[in-house]
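Scrolling down, you'll hit the structures one after another.
Here come two complexes built around chain A, the first alongside chain B, the second alongside chain C.
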Partner chain A sequence: MSKDRVTIGLLVLLIFLAGCGDQRILERTGFIQSTSYDLLPNGRVKFSISLPKADPEIKVSREFLTTVALSGKEARIKLARETNLMLVSGQLRTTLFGLSIARAGLWDHMDTLLRDPTISEQAKIVIVNGDAHELLQKNYKEYPRTGQYVDRLVEKEATGHTIPLTTLYSFTRDYHDDGIEPVAPIVKDAGQNIVVDGVALFHGSSYVDKIKADDSLIFAFLRGNFKHGEISVDLTKDTKESKTAMLSSLASKRKVDVRHETNGRTTVNMQVSVKVSVMEYVGKFRLSNDAQRHTLEQQISEIMTNRAARLIKFLQEKKIDSIGAGIYVRNSMSYRAWKKLNWYEEFPNVNLQCKVKVKIKDYGFLR
Partner chain B sequence: MQEKLSPFHVAILVYMIQSGIVMYRLPQMLAEHFGTNGWLAIIPMFLLASANILLIGAVYRLGNGVSILVILEQSIPRFILYPFYLIMSCVWAMIGCLISKHYVLIFQMVAFPTTNPMIFKIALDVLIFLLMTKSIYNISKATTVFFWMLMWMVLLLFFFYKDFHWSRLTPFIFQGSTLTIDGFFNVYSAFAGYSLCLFLFPYSDKKTKLIKAVLAGNLITAIVYIYFCFIAFGFYYYEQLKTLQFPLLNLLAYIQLPFVQATENLLYGFFMFSIIITAVMYFWSAKEISKRMFPISDRLLSAIILVAALGFSFIPDVISEVDQWLSYLGYAELALSLGLPLGLIVLLLIVRKRGAALNE
Partner chain C sequence: MTNTDVQPQPSSSDNQVKPSLEHTLSEFQDCIDLIHRSYPELHIDLLFFGHQVDHDRLYQDIMNPLLSGETEAIPTILKQSRFIRVRDSKELIIGILSGKAAIFFLQDAFLVDVFGVNSRAISQSETETVITGPHDAFTEQAGTNLSLIRQRIKSSHLKVIKLSVGEITKTDVYVLYIKDIANMDYVNKAIERIKFIEVDALFDTNMLLQYIDDAPYSVFPQFLTSERPDAIGSKLIAGRIVGIVDGSPSAFSAPTSFFEYFSSSDDYYQRWMLGSASRLLRFIALIITLSFTALYVSITTYHYEMIPENLLLTLTESRSRVPFPPLYEALFMETTIELLREAGARLPTKIGQTIGIVGGIVIGQAAVQAGLTSNILIITVAASAIASFVTPAYVMSASIRLLRFGLILLAGIWGNFGLAAGVTAIVIHMSGLTSLGSSYLTPVAPLKLKDWKDVFIVAPFKFLTERPSQSRSPNKVKNKMKK
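What follows is the complex of A and B.
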């Protein structure tokens, strides 16, 4: 028995001694919470980090450091020379990419994020319409420290599906998938605050174009199923009776059907059925009247279908399959035929149709 | 009287021996060697392992449950047998040692990048020593406790349902890669370990239903593997799986709680339970064989084996080297798990024939 005690004692000693090896003292550690990348004209990368400060003696809420380097990790080494804290990336929440670097392609800079085992796959990727460094550096008086501000803003907007929530995981997953292209939220500085500017579209890992914030929910219909979401529909142009309707608690379901025509053309039919609650309606219809409500449903469906068609045309012009139609085309073919097909070139030629069907599930306290 | 193993304990023991470090890389290996829907490849491998277990079952039945070491010693002279024993015990001790070293190296990479991994390795070896000096009955009881501490993690796979897409699995089967024999056996090594049940013969009786229990353990392994890899293939596209070093760690890292980010550090610790059992059982088997050659006290023998293996494990000091060594040892282990039962069956048949001839 006493022998066992000795071994157990030794074991405990070993475990505690191991703690002396790699020390991480909270007060002396700088948790990088946000980083930004911008490409300079000379090909080097401007790299900035923002870390929250916990020191009560220092009045500022965060530390902001910036440097120019070839890569993210080289930059971290350079930045470490400027601070008394030990920089670690384990708490990285948001990575901001400026438009300059997004256009050139993100993949080279993703390597460090993916390889580093301390960085979570849930770290968000946000594109900045403009200079990411300037946005991160700026302090927005009425909001929390900028890194956290962007993080929370993007996260909140993503729950309403006005923008996709793009994490390291989802970006790399779509990057590797040959039937879909990655997307990311794009934000911009609006003077006093930061606003969501829409959805950035990528080919591979290079930024191509963006979808306006107003259209981003229609884009969400096309990209997949979701719950929660809000959209305001302008009815003045297309109908006589109604002016506007605000639809809330959207629940959207997408069905994709692929047909290969005898002439060699591929047809992709998307059926999107959306259930909504009407939160605001300005117009002549009485929503409690079944016939009138159905007319309204039809009108809204038509408007949405047209908007979706415009969006699809835009995507086909840009040759970017951000909605993942390729996944369904791939799954309808043999492996060899798919590998022979150059989906990037083929996507604009596909007959891609989308029909949105809106159903009002309730309309609030007014009849 | 010595207590015998129960079927439940044996099944769990086999599962715990089989699931080990290969699991961290299994989806990547399947994607690389089998391509699309690689998770399906687990089914034929499971059947192959089951067939191999049935072969062991034949030995068990032909030999009436007598220890295989006794069978060997009855008909083969010691001077031929002992070098063979030495090789076997070396292979198993080295596998046990390198598995724990591999675990420690990954642990060190994610949590303590600059600490000397051998400190953790020695700490783990102390635990292994404490367990392997106990009887197999006690080991199997400890295994049951460890099993539940590990099994709850299967529930974590619920986290991935939201980002799991059937369409990502693709309808193609085994496309986009070339299968090599090397690759096949690398993946098959995920099932290795069932051969250790050859040493359980003396510790089981009729009630143990040894072979059925081992088959059940093998089935648990297959189900866990299939479920886990199926989720992985629908969560990541297979092309991406090919690029990941340890998909299991990536999956664990994906689980995010509001207050902590690096959950994989926390959860990875739980895999120590399966590693300890795997290592203990390999060491224990090495000890069982060595006991026939060196009849000294159990504790001393265990300590000698552990220290010898530990000294040996200083040689490969990075993950890729350990991987390389483990794959060679894996071949040796597979050769043993097929060759040993076959040899034993031949031996038993010869003995039986000779016995019949003598009776006439």
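What follows is the complex of A and C.
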């Protein structure tokens, strides 16, 4: 009986001793929704955060704070001196990295993002072509809060696969994985609004170059399988009959084949089959006519194959295997052989071929 | 109170006192409602409580035959079966108390049942309403209740055992079961426990249950109570035992499981899909009523990460004017709702409606405008209050409402960890509970998947072939239709 009493007493004590020290009461908390990192010439980091404001008495929709510090968490401590809210990172949606810091390498700055357990693995990484601080600071009149604006813009564009959706998780995975390099969407300030500028390519965690927005869907073909994409193909240069075609409901499937030639060269064959619906077609072909439609399919396939080949050449020149061909090469050989191979140096020498095959599965109501 | 035998049995021959008019009259001294009719020329004395007997029957059964005839004919008339010869004074007194008339003829005493009190007519159940299906409900009179059950189960296998509880009140308790369907272990256990009760007074079924349940310190009811004869009938058919207490409009059934409290007769009177849907809805309501407010408290106090982006700002905005931490805010609102509920339950229906309007508009609207609570909390509290009334069994919904306060407190102190710890503690507690010795969490623990089709959903009737495993019935099959 007395033992029970002691137990109950201890349990009651536990309630009173809990102390509630780590409370984060909603209205007293500042949720960092977007952060930006820029490298200053003196080697320090300009760190900016944007917090949404919900107090009805305050007219502005967000709070924007900037400081210069060595690391993200040090910056947070400095920034906390400027605000009445308790700064927390658990609602972080987007981290913007300026081109300056992206060139120098992101990995050092990602440490806090990955280590802090409150930060979601799903937080997005976005590269800013220019100064990330300035982009985040600017208020775009016709759009929601800048942080949310970028977040929604990137998310929406990623659903159409014009840019990859790069989260902390996917970036870290590609960073650590052998035979693939991380990529991230890149945006830039266009005066009145923000535009998606293409796909940023990394070597390790350092920015190397980018792929233009127009080519980013071709890049998506090469990087993996996906559904729901859209692309507009200019046919004026390569064909006589047609001017342009808009392809929608794109479903792309990639097949990779690796062969080691006797002369020591490695050949990687990529077969991309794309099923599309034609949403717009300006030209002479009647799409209901099987023969004519097949001709069009072949023409589009050829154009796409050429564009893919150009893209692969570009990647090989830059020595960055962003499409993950290395993974297939790695899987085709022994661990020892792969370890001996310097894929970074080897990649430009690989005979990388890509063939895109387009199939029109639907051409709308117009005959 | 002095120790008298719980049961009026004439068997104890040692301290038998021969019934006599003088002794009986002295027992009932100062009871002015006792009527004494004396007919010296016939040597007959009549004793009865005027308000306990049916006067028509009194005249028809006793007065007319006895008083119209000759003195010589009286012994022959008294041999008729309705006149029961009594040899023990105690038995006689109990007989008079329970509405019988006592006849003293020369040296002999007889009892005649002319019981007839005015009671409430059979009416609709206030606490367990159904939309389709029978509407009649038990009344305060055990006899009426028994007849309601007999009307539904016309079987000689339906056995009724009469017990008496209460040293002073001498309340009749009837234990019902269907022979060859109910497990006799449960029947004997229940009877034994009821016999074991030694109290002065018993007024209601729920009172009795607190004397006989397995874990008196638990918040959960361990016997299912119902006011509906059709529901109680179905329990009998399921192989459970049923108890009726005289003076109480609710009958109980046992053994019972936690999940049984979430089924209503309505589930079976509607198409099985609708029945299944509303049963699932009740389990969802259980989760809502237990955890919704607690979740609000823990999220707004600790786990801001869990809130979706769009909700975050609305939530923060509505919280921004509130001067209290979420825990106090939630406790304040929950207490208000409980006050409203309690006031509504105690007041007559017409005033109760006014209370509802005052509570709904004044407290709901004004508390937000005054900046005392956030409107999202009002929605949360209201949703969990409504969800708590979805539970068909009032006793269970009251228990769950009480537990909710504990969870809110834990959520305010430890956040989601506290909430999880609280729910875990409840589950641990429930898995230790028994009802008449059978597990309270059947068919989840012990796992009886076969029962699930009649517990969590209502499967089409042709699949409901067996009685629930909890009743351990010797005759398992209840539906012999070919599939």
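Operating definition for what follows: the second predicted complex is superposed on the first by the 348 of 367 C-alpha atoms of A that agree within 3 Å, B and C clash if a C-alpha of one lies under 4 Å from a C-alpha of the other, contacts with A are read in each partner's own complex, and residues count from 1 in each chain.
What we mean here is this: a residue touches a chain if its C-beta (ideal position, glycine included) is under 8 Å from a C-beta of that chain, and two chains touch if they have at least 3 such contacts.
Bear in mind the structure is a predicted one, so any value in this text is a computation, not a measurement.
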Between chain B (first) and chain C (second), which does A:29 come into contact with in this model arrangement: first, second, both, or neither? second
Based on the superposed arrangement, let me know which partner A:81 touches: chain B (first), chain C (second), both, or neither? neither
Check the residue A:176 against both partner chains and state whether it touches chain B (first), chain C (second), both, or neither. first
Check whether chain B or chain C contacts more residues of chain A in the superposed model. B
Chain B versus chain C as contact partner of A:340, first or second or both or neither: neither
Quick check on the superposed pair: does A:11 touch chain B, chain C, both, or neither? Answer first, second, both or neither. first
Just to be sure I read the superposition right, which of the two partners does A:56 touch: chain B = first, chain C = second, or both, or neither? second
Could you say whether A:331 touches chain B, chain C, both of them, or neither, answering first, second, both or neither? first
In the superposed view, which residues of chain A touch chain B and also chain C? 15, 18, 22, 90-91, 118, 120
Residues of chain C defined as touching chain A within the complex: 300-305, 307, 309, 312-317, 319-322, 325-326, 409, 412-414
Sort out for me which residues of chain B touch chain A in the complex. 36, 109-116, 119-120, 122-123, 126-127, 129-130, 163, 167-168, 170-172, 175-176, 235-237, 239-240, 243, 249-250, 253-254, 256, 261-262, 264
Residues of chain A that touch chain B when the two form their complex: 4, 7, 10-11, 14-15, 17-18, 21-22, 90-91, 117-118, 120-122, 169-170, 172-173, 175-178, 327-328, 330-331, 334-335
Chain A - residues contacting chain C, complex: 15, 18, 20, 22-27, 29, 31, 33, 52, 54-56, 88, 90-91, 93, 118, 120, 148
